[in-house]
Amino acid sequence: MMKQARTLLSRSLCDQSKSLFEGNFKVSPLRGFATRADSSTSARGFSGKDAAKPSGRVFAPYAIFKGKAALSVEPVLPTFARIEPGNLRIDRRGSVMMTFMPASGERKYDWEKKQLFALSATEVGSLISMGSNDSSEFFHDPSMKSSNAGQVRKSLSIKPHADGSGYFISLTVNNSILKTNERIVVPVTTAEFVVMKTAFSFALPHIMGWDRILGQADTAAQGITLHPKTDLPQLGVEWV
Amino acid sequence: MMKQARTLLSRSLCDQSKSLFEGNFKVSPLRGFATRADSSTSARGFSGKDAAKPSGRVFAPYAIFKGKAALSVEPVLPTFARIEPGNLRIDRRGSVMMTFMPASGERKYDWEKKQLFALSATEVGSLISMGSNDSSEFFHDPSMKSSNAGQVRKSLSIKPHADGSGYFISLTVNNSILKTNERIVVPVTTAEFVVMKTAFSFALPHIMGWDRILGQADTAAQGITLHPKTDLPQLGVEWV
Amino acid sequence: MMKQARTLLSRSLCDQSKSLFEGNFKVSPLRGFATRADSSTSARGFSGKDAAKPSGRVFAPYAIFKGKAALSVEPVLPTFARIEPGNLRIDRRGSVMMTFMPASGERKYDWEKKQLFALSATEVGSLISMGSNDSSEFFHDPSMKSSNAGQVRKSLSIKPHADGSGYFISLTVNNSILKTNERIVVPVTTAEFVVMKTAFSFALPHIMGWDRILGQADTAAQGITLHPKTDLPQLGVEWV
Amino acid sequence: MMKQARTLLSRSLCDQSKSLFEGNFKVSPLRGFATRADSSTSARGFSGKDAAKPSGRVFAPYAIFKGKAALSVEPVLPTFARIEPGNLRIDRRGSVMMTFMPASGERKYDWEKKQLFALSATEVGSLISMGSNDSSEFFHDPSMKSSNAGQVRKSLSIKPHADGSGYFISLTVNNSILKTNERIVVPVTTAEFVVMKTAFSFALPHIMGWDRILGQADTAAQGITLHPKTDLPQLGVEWV
């Protein structure tokens, strides 16, 4: 009965999330997820004149709505720079963006108070290798190496429930200028954490850009003349 | 000998499944898998005038035929809505559809009495993290939040065999209007469950829509002009 | 020293394998891998008049060459049948083809005496879930349900080394007409078995045809008009 | 505090790595990564007249920068040879290329002293199956089977930290002609090793060429007429 109630609640929240996310794209750029969309846009290098073109972006966050807060996770692709005609080099690594939102009432979440944390490839590696009793903690400074370094400090903490039924994921943001210290905690079940681990494992080679390296094969087969057997060097990569 | 017998039986059923599935697509829309096809169609948003066009759908269920019932599983893709020219937002999440069919005789199954259960991403996460001694139970109300809510209650239960050789997967459907209570149980071997877990893990990022986010790279490389190095913002996604 | 020797030997054999595989495609259809190529061809439904066309096939077996025998594994794609204009249904499931070849001398293998065993999806599931102390055994009858049923019996056995350093993989083929009983054994290291498990796990959704179901998303985004929000059915797949 | 310091350091190095990799592509062909780029080029069979064409290569190494040395890993695709019109056979297997670079000062690395080691598919299988207390060692002779065989001996060693917090990865290169014996050691954390294992597992089927075999399905569905049901052979691959 308890279980059923929880499932039904979770479904309600899930349903609600649809309208919440819709709102996300209707609100003015000054509100809500718009900041994320903006940073995502700039990260992909769309300049002003590109703004009117179709950008081909896809939004499919995995969202977990709980009583006091919600957590939404979504991969962010790396960007590439052309280094020679036809060649690409990874320029900015991808990440898994985590968005925390405090609740503002029953099944309502305050997008203006959301906080972001972008997991790097290595932090993703740390998360997906966590056992059911393991903890993790990551520290970021969004203004690192700028004149504002040290003003804002973010800490993401993942701690197991005492009974092994899941984890508490919490983000603490300390702003030394505004003298604020915010903390948003979202409890996640083992099943939700497994979804995250499986999806993050799937995303990892993509945020590293390895899918691009390894996807070249298909292109090669269509466009590039393969070397005849007689051209083979005697010693190749395999012997290094 | 026992083992061989089982394998041969399994092959017979597997062979039979081919003709069973064929039947599936020949019967009238009022029968059998047709309901699934219908719901799948509507879920993908094909309207009347689209019905005559090739729909490009692929049917490849993984079916387990046992003495008293059969279980067939198959992923269902999410749907996307256009939110701006060229952008897509996930609209309805995908799922893994489980179809249970009671046997109506030796190696015959009654499609009219089939029962469906669509696993959400989180329920898939729960299933793929099950150890050999773990149990799971999920509850659905197909009419939730409509005026018919509570009339039908479905419960999917996965329980390990006592000797660790597999699981019993059972679906109970309770209809309070018709005052019926149906239960279909399919025993699955460890090997069959591993196939399900591996295939579900593969499917999970796709039913979440993350393959669409992460597949954008290929498109981007062909069509979008990558930003020159000088356009790079000083602080990007990685520093959030 | 031992270890180095083994690595160097393995490299020699690996190098040799290249020429062995080359031979495979130069020999007459009556010899060697040609049989496999033939069955593969027919399994993909190429008829006589297709034979002259480019078939677009790719050969990339993973081969393990040992002192007394060699084992080569390679995935075989499923075939699909058109069931309506534009729709596809899986017709014949894919498999992982295992080819065993006895040694005919030092670093030479006798292709004419090769034996084949095609692992089904469920058998692949069984193999990839094997722990370091587990055994597996599978039985096939290549002529099952024909008038020749029972004439040939194949048994594939996977047994762990006593010291946990790998497995013995052996294929026994018993022909009751020819009154022959052949047995080919290939010892594989843990690393080689992990390659097989990883590659088989990768292949599994493909031999089941699920990559085709889940790959539809890309096509859909390009060609199919997505439903406007107002057309959404009140109850969709997710609520089943 | 310790942890934060480490994270910030790691971020600095990561940031530095960007400029380091940039340098990589600006230096003359006689320096740094250029050697790798060259070998990669020849491995893909680009002949002289192809050199001016866009090659479509993508560079996305995963780099780990530590105090005394750095390690960069990147997959290398297999090459294919045409064996009949339209068919491809794997010609040279892919690998995971490991590049070790000693530090030449604080946060500076000496590209001219880099050493390469290309992991084969089986060596990748060995690495990805390592538990937290396991060790591995691989031996290569880059000039094997040439007249220079035995002159250079490379040994890659992976040893766990005593406290289980990661591994030491070291490459020893012994040159009997130059009478040199170089050794570069990079400590990697558990999280970094998990990134490597996850990315290597993703890469493995690609360096084996299995993605090419299994990616044929998409092509087949578009271009090849599927066999009608009546053409089915009585006994197919599945029954082998």
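Labels A, B, C and D are assigned to the chains in the order they are written; within every chain, residues are numbered from 1.
Going forward, a contact is a pair of C-beta atoms (placed from the backbone, for glycine too) under 8 Å apart; a residue touches a chain by one contact, two chains touch by 3 or more.
What you are looking at is a predicted structure, and each value in this text was computed from that prediction instead of being measured.
Superposition angle, chain B onto chain C, using Cα atoms only: 90 degrees, a multiple of 5 between 0 and 180.
Among the remaining chains, C is positioned farthest from chain A, on the basis of C-alpha centroids. A straight line joining the Cα centres of chain A and chain B is 26 Å long.
Work out the mean CA point of chain A and of chain C, and you get 37 Å between them. With touch defined as above, residues shared between interfaces to two or more other chains in chain C number as follows: 78, 80, 88, 91, 120, 140-141, 144, 209, 211-212.
Of all residues in chain A, those touching chain D in their complex are 78, 80, 83-91, 120-126, 128-129, 137-141, 144-145, 201, 204-205, 208-214, 216-221, 223-229, 231-240. Chain B contributes residues 3-4, 7-8, 10-12, 14-15, 18, 21-22, 25, 39-40, 42-47, 50, 53-60, 62, 74-82, 88, 91-95, 97, 116-118, 120, 140-144, 146, 189-195, 198-199, 202-203, 206, 209, 211-212, 215 to its touches with chain C in the complex.
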